[in-house]
Amino acid sequence: MVQDSTGIPLRQLAERCGVELAGNGDVRIDHIASLDAADRGAIAFLSSPRYRSHLATTRASAVIVTPADAAATALPKLVTANPYATYARVAAVLHPLATAAPGVHPTAVVASSARVAPEATIGPGAVIGERASIAARARIEAGTVVGEECSVGEDCILHPKVVLYPRTVVGPRTIVHSGAVIGADGFGMAEESGRWVKVPQLGRAVIGADVEIGANTTIDRGAIGDTVIEDDVKLDNQIQIGHNCHIGAHTAIAGCAGIAGSTRIGRNCKIGGAAMIAGHLEIVDGTVIGAASGVGDSITVAGAYNGGLPALPQREWMRLLAALMRLRSLVERVRALERGRAEGES
Amino acid sequence: MVQDSTGIPLRQLAERCGVELAGNGDVRIDHIASLDAADRGAIAFLSSPRYRSHLATTRASAVIVTPADAAATALPKLVTANPYATYARVAAVLHPLATAAPGVHPTAVVASSARVAPEATIGPGAVIGERASIAARARIEAGTVVGEECSVGEDCILHPKVVLYPRTVVGPRTIVHSGAVIGADGFGMAEESGRWVKVPQLGRAVIGADVEIGANTTIDRGAIGDTVIEDDVKLDNQIQIGHNCHIGAHTAIAGCAGIAGSTRIGRNCKIGGAAMIAGHLEIVDGTVIGAASGVGDSITVAGAYNGGLPALPQREWMRLLAALMRLRSLVERVRALERGRAEGES
Amino acid sequence: MVQDSTGIPLRQLAERCGVELAGNGDVRIDHIASLDAADRGAIAFLSSPRYRSHLATTRASAVIVTPADAAATALPKLVTANPYATYARVAAVLHPLATAAPGVHPTAVVASSARVAPEATIGPGAVIGERASIAARARIEAGTVVGEECSVGEDCILHPKVVLYPRTVVGPRTIVHSGAVIGADGFGMAEESGRWVKVPQLGRAVIGADVEIGANTTIDRGAIGDTVIEDDVKLDNQIQIGHNCHIGAHTAIAGCAGIAGSTRIGRNCKIGGAAMIAGHLEIVDGTVIGAASGVGDSITVAGAYNGGLPALPQREWMRLLAALMRLRSLVERVRALERGRAEGES
């Protein structure tokens, strides 16, 4: 097969990913696949015991397994305590990102006072504002707008149609997906005689290194101080983060979640999809919040929290709702029964 | 009235929409209106019995009714089992979409290796990547970015500021509204020693024919395989669809809904607004999920499901919450009463 | 200190904001700060009694306080019934918006039939459609698309990457943040034999004066009539407003909320973040809806409404859910106890 002459020897993948090799290190790997869909040239991984039975039947050329699973297959393998992380590294080696040729596209509009590193790439129709700086190897893709005095770090990727409002800071290696808007005005206004007076939003949005921000996610800038997203925070799509929030390092937030203004989320938290967190709260490091939960109070003890009701068949749901609406009268009725019993006993 | 000489004879509307004409087929119709707001030249429709009383007083020149309602009005009419669908067809005849002149706007940026059909329209500032193909009569509107190796089918409309990430496939006649982002990286990362390792997202987003995708909706591409949206799926605004989801044909999803990764939704489902569906589930064909419901388990029996709690006046809600928080102690108290009664009986 | 020679005398701030001055009106103010973070040249405000203790220790050069708090500090001050609104005004004086030079950027694409006021600013890559009108001092920023026959009022700001679909109307002084899409097709389709027929969306989106629309918010145009957002409505980020909605003047809606089609919300309402309101409802003036509430019925009595469940520690939540699932059997058991007691009494 031609495939055997392409790809990368398994031995080399083991070295580049810093994991143990077992079996034939000369087998050549040229793509990633799942255990059941794999074919020749593929490497697949097993991280969940649920799929262990696939190990016996996979047609992959090599597998990534834990030491505990290593004996279960005779295939060449990478042995690692964390097969999923190793899979991620192997996939990055086998499928490197397309590189972009450095330079400024002739249709881009770069302000004369902006500083763009010669190794950076500015795509078609992108706009770089006055006094903005774009560091080496950063990629500003088609139609993205970098406002005045923004700073974009080395090796960042701003996908097409991102908007950074003026003075936004983005740390190195951060990836921002299309449609994300960073640094827009927070939702601040004062009520006066039934009308609204806009409160100027004077802070910035400051995004750390190695952050990833999903498509159409919005992060408002601070009202007076800054909104801060620390290093290695991972935000999925369609998330809303209000002004003056502070998200600690390594925290991951799934899609459609919303964090109201001035809330401080700790490090290494995991927030489920569509979770909604009220403003002015403190959530301690290591908190795990379930999908679709509503958080209305600060969380001071790390652990798992939940609040999302599961959908039921329509008829059962209607009955449950009806019972819920009578819950207070049920409490009264139990109280009456308790009184009756107490009287009966006396 | 001049209006009588313009418009389209009712007879012709009946023919073009394939429905029965009753009454004067020469009356000319030039616009659509609701029964109560209609005036001369208008055609209105009655699909809900709630509005039947308007039939007697409407000033429309013609109406669209079911056979059961036909006798209730002497107006010229289109008689059809499905007045709303006939209304949709009549409206499309009376108010055709503005056509776009074919050709590539001089400010668009089309890669030299892209194939753009001569009858396609590429708007101002649009960007078409290398090896992308744009089929006949497709409209790529202002500022839309079509990534490398994308394929856009015949008669598609991509409204302004849509982003298709590289390798996205869009079937014929599909409409994508502004701000939608299709094919962005899924939310995949492996945890390792408290940090995140990005998992490369290698699949595609594959969108079928006759799909409509709402404004600012996001559909991530697959991690290994593809995310698939089948034919005639209708997605409202601000929906998030995670990587490797599969949405069956003719399914409609209302605004703000979220579908986490790898979930498979069947054909002809209806998902309510703001419904949140967890990842790795299977939802059978024909399932109906109520607005704001949270679905955490697979649904194997077609039918209606619900889970959204209704808001109550603040005071009632506080009391209900207080009762809920004591629900477990209520269970204990009932058990104690049952024990007491059993003892009393013995 | 050099700072004393810059800034604006407190007396002048009092005059420009129309509030009472107490103490030294010559002190110069050049920035805004919070009470605890303030330094020389700063003005800070106290609106919540929670922070009154900061009054004694703040290093601000002046403060904004209520008459009740005025005696609590010897600092120069602005005395006003509404310190937060005064703060908003002072901040706007001290930190005026950067002005934009009028004119059309050479990379913008303005249709020949569009009318652009000479004092308006059209940014790089912006697109103005046929017969659109842009009034004096309006700012259409980079990459924003104004569709055919749109009207944008005086002093509007459309931030980068906004899309107005054709025929959208935006009143004077309205601010639209990046990624907002106004006037896209509503979610209208008729079901016919298991397929969908698109219902043409023929109305407009009509936005009043002094409105603010957050990043990535979507407002669909009407199906037959118009979607209407009245004057001084404030919409946060990521909000979805369906076709034919009508939002009354001075109403504020927080982030991630969704309003389904044809719902009418009154004046001076406050809708919390992530609240979801069903279609075809009427919500009276002055209604306050809590965060994450689901509203499924019209509200005819003004007041506060709530519906969001609070998250609990995982174990407590699982127990509560289990008790909830048995709630109906609990009702039965209480009924049995009541019957038993009635029999015992007889």
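Just so it is clear, A, B and C label the chains in written order, and each chain counts residues from 1 on its own.
Everything that follows uses one rule, which is that contacts are C-beta pairs under 8 Å (C-beta built on N, C-alpha and C of every residue); 3 or more make two chains touch, one makes a residue touch a chain.
What you are looking at is a predicted structure, and each value in this text was computed from that prediction instead of being measured.
Any chain bridging subunit B and subunit C, meaning touching each of them, is among A; the list is complete. Homomeric contact subunit A/subunit B is classed as different-residue, with under half of its interface positions used by both copies.
Averaging C-alpha coordinates per chain places the centre of subunit A 26 Å away from that of subunit B.
Among all residues of subunit A, those that touch two or more other chains are 107, 125, 143, 161, 179, 216, 238, 256, 309-310, 324, 327, 330, 334, 337, 341, 344. Per the touch definition, subunit B reaches subunit C in the complex via residues 32-34, 37, 82, 84-85, 87-89, 91-92, 95, 98, 105, 107, 123-125, 141-143, 159-161, 175, 177-179, 210, 212, 214-216, 232, 234, 236-238, 250, 252, 254-256, 268, 273-274, 291-292, 308-314, 317-318, 321, 324-325, 327-328, 330-331, 334, 337-338, 341, 344. For subunit A in complex with subunit C, the touching residues are 107, 109, 125, 127, 143, 145, 147-148, 161, 163, 165-166, 179, 181, 184-185, 187-192, 194-200, 202, 216, 218, 220, 224-225, 238, 240, 242, 256, 258, 260, 275-276, 278, 289-290, 293-297, 301, 303-307, 309-310, 319-320, 323-324, 326-327, 330, 333-334, 337, 340-341, 344.
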